[in-house]
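Two complexes are shown next, each including subunit A; its partner changes from subunit B in the first to subunit C in the second.
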Partner chain A sequence: MKDRRLGIRGWIYGGKHNPERFLYTLHRLTGVLLVLYLSVHILVVGSRAFGQEAWEGAMRLVGLGNPVVRFFEYLLVVVVLFHAVNGARLILGELGFTIGRPRRPIYPYPKESIRKPRPLLWILMILAAVYLAFAAYNFFALPA
Partner chain B sequence: MSARKKDPNTYIFKVFRYQPGKDEKPRFQTYEVPLLHPGMTVLEGLIYIKENLDPTLAVRYSCRMAVCGSCALYVNGKGILACHTALREFPSGKLTVEPMPNYPVVKDLMTRMDEFFDHHRQVKPYLLRPQDRAEIENPTREFLQLPEQLEEFLQFSYCIKCGLCVSACPTVATDPDFLGPQALMTVARYNRDSRDGGTVYRLKVVDAPHGLWNCHFAGACTEVCPKGVDPALAIQYTKRESVLHALHLNKLPRFRKKLAPVAPPPKPNRRPGIPPAPERTVPEAPAS
Partner chain C sequence: MREGLGWTLHLLAGAFLFILLLAHVSQLHLISFGGGEQALEWSAVLTRALSRPQVIAYLVFLAAALYHGFFGLRNLLIELPVFRRRVAAVTFTVSIIGIVLFVYGLYTTLALYLQGGGA
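Entry: the complex of A and B
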């Protein structure tokens, strides 16, 4: 308590909230989920190396076709798409594109680095949402 | 407590109280503060408490005009300078006043800034010119800089070291050794200055664990900065510079930094055609 360091709570809380600050946490969360998924994915696909039996066993274990598993597969698409789209935004910004130039700090402050790329942020998120809506149709409305 | 304040000219201050070593844990104490004049600030409210209600309250301030950076604290979860925020910005009339998070508390609203300034020092926040050390150590004249070269870093030099950006940063929350937005911003302040030749030295300091790449562009520093410094902009520029250096692209004419020259010595003779100065009308002041 003496330190008042926020710890993991600080990834969500901490001062005036701009949307990018939440994306920081979401990007990290999806990144970790992707690492977890990729490990499982490699283990499952790798089972093919141990013959047809092992492969079919692994497939049964995973339970493809089960509606619950299908829902989680869709969630995976959401996670991948968010991480990729937001990653593209971060790569552009962190290499100095889209973020504007230094300006005189005259009130109300320009806050260029977060305000200037914000339209790009919304456009990317809307494109991702449209893609995900089509993906949802593909996943749940069409026969598997 | 009632949902609304009873009187539009009374402000309810719920103030964080804590003295490490004495109090077991922090508590909040409530004070009623009258609006003494329309432009009254949060800091004036806290001084009112100190002078009239409770002299034991600890609050740090000095300039009371947004210049010294001493009075940074959080009101209703937002980082502000107490001296630069009017009470009337809080129409509900209720203020929860806390010290900046992510810093150790000295007492009540005062936070310990040693680490913050230590990080600032680490990035060498002064002009480096290993290229002509003699001039830096025994300056003969000023360096020549164009107005547009000044604009490249002027915004980043407005920092008053209040520490709000560090308190708002999500990386600081989990990494105590992270240099933090203020120190990382200062790198661009000097690397982008045409008079400075220390880019590689500063990059060596920040292109390291707990440095530049622990910034993930959350932008909270820019959102909270009370001086409009935009630390996130400065830090992303330094990332770009670091990448250019790693790929040796900084040697391309487009990206190469040209050092500002030392001003030439003044010409001994006046330009022709300038009329001589008129006769003195008052006697010369005696040399003191």
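Entry: the complex of A and C
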């Protein structure tokens, strides 16, 4: 029989094009990026235990003060905000908030499963965007 | 489907991280909240490293982020056909990496705190 499992494509392919599908892909992508960042981050900030020289050396090594590095630091904040806010949405869904009661599937089917979650999704994304706009002002408009 | 304890803890850690991570990002990356380069000067690093509430927050954060991150990584790895029959091996490998990072983070945080008379 043909193997219909998606394999690595299943990490990215979200099926039909509901916004939730794209968020699924982005959540996974940002999750993996954060694990990689966290691992390097723990090693870099650990240098502080070995004194001022080690710390300042580590900060030079990662390019503190370099505008390109600063830009990537902002991208990191974007990744964090997206994963955090979307994660909050997923936790609310898991706990059963906003998704309505289960019902007998009688035609025409009520759109209960997205009636509240969909607006919630946009509200959360707007909140993330507001934080990110404030962060952009901090990163690029205020003197460092 | 009923989920295991591991998944419940993943969500619980996620909820904790929501607060800790947003606080952490604001504190260290946003100039308006004292973040940016000023927060990375040695004197600022040392002030935080010797503060007991800060150290406690760091350690809770460290454990929650590593658990959540590596459990999440395991979950997506075991979806792959190659790892389907090797779930225990994936869990083991991922746990070892997480534990090593945790011990290193714990050591570097506590070493400075205890050395600096923060005890």
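Observations on the model:
Operating definition for what follows: the second predicted complex is superposed on the first by the 128 of 144 C-alpha atoms of A that agree within 3 Å, B and C clash if a C-alpha of one lies under 4 Å from a C-alpha of the other, contacts with A are read in each partner's own complex, and residues count from 1 in each chain.
Rule of thumb we're sticking to: a contact is a pair of C-beta atoms (placed from the backbone, for glycine too) under 8 Å apart; a residue touches a chain by one contact, two chains touch by 3 or more.
Treat the numbers as computed from the prediction; the structure is a model and nothing was measured.
In the superposed model, A:V80 lies in contact with subunit C only, and not with subunit B.
In the superposition on chain A, A:P102 makes contact with subunit B only, not with subunit C. In the superposition on chain A, contact is made by A:I91 with subunit C only, not with subunit B. When the two structures are aligned on the shared chain, A:S113 is found in touch with subunit B, with no touch to subunit C. In the superposed pair of complexes, A:W11 makes contact with subunit B and with subunit C alike.
Using the contact criterion defined above for the overlaid structures, shared-chain residue A:Y24 touches subunit B, although it does not reach subunit C. When both complexes are overlaid on chain A, the residue A:S39 reaches subunit C alone and has no touch with subunit B.
Overlap of the subunit B and subunit C interfaces on subunit A comprises residues 3, 5, 7-8, 10-11, 28, 94.
Touching subunit A in their complex are the following residues of subunit C: 11, 14-15, 17-18, 21-22, 25, 29-32, 35-37, 40, 42, 45, 49, 62, 65-66, 69-70, 72-73, 76, 79-81, 97, 101, 104-105, 107-109, 111-112. For subunit A in complex with subunit C, the residues that touch the partner chain are 3, 5, 7-8, 10-11, 28, 31-32, 34-35, 38-39, 42-43, 45-49, 52, 55-56, 59, 64-65, 73, 77, 80-81, 84, 87-88, 91, 94, 131, 134-135, 138-139, 142, 144.
Of all residues in subunit A, only 1-11, 13-18, 20-21, 23-25, 27-28, 90, 93-96, 99-100, 102-107, 109-114 touch subunit B in the complex they form. Considering their complex, residues 20, 25-26, 74, 77-79, 99, 101-105, 151-156, 158, 164, 167-170, 172-174, 176, 192, 216-220, 222-225, 227-230, 232-234, 236-237, 239-240, 243 of subunit B touch subunit A.
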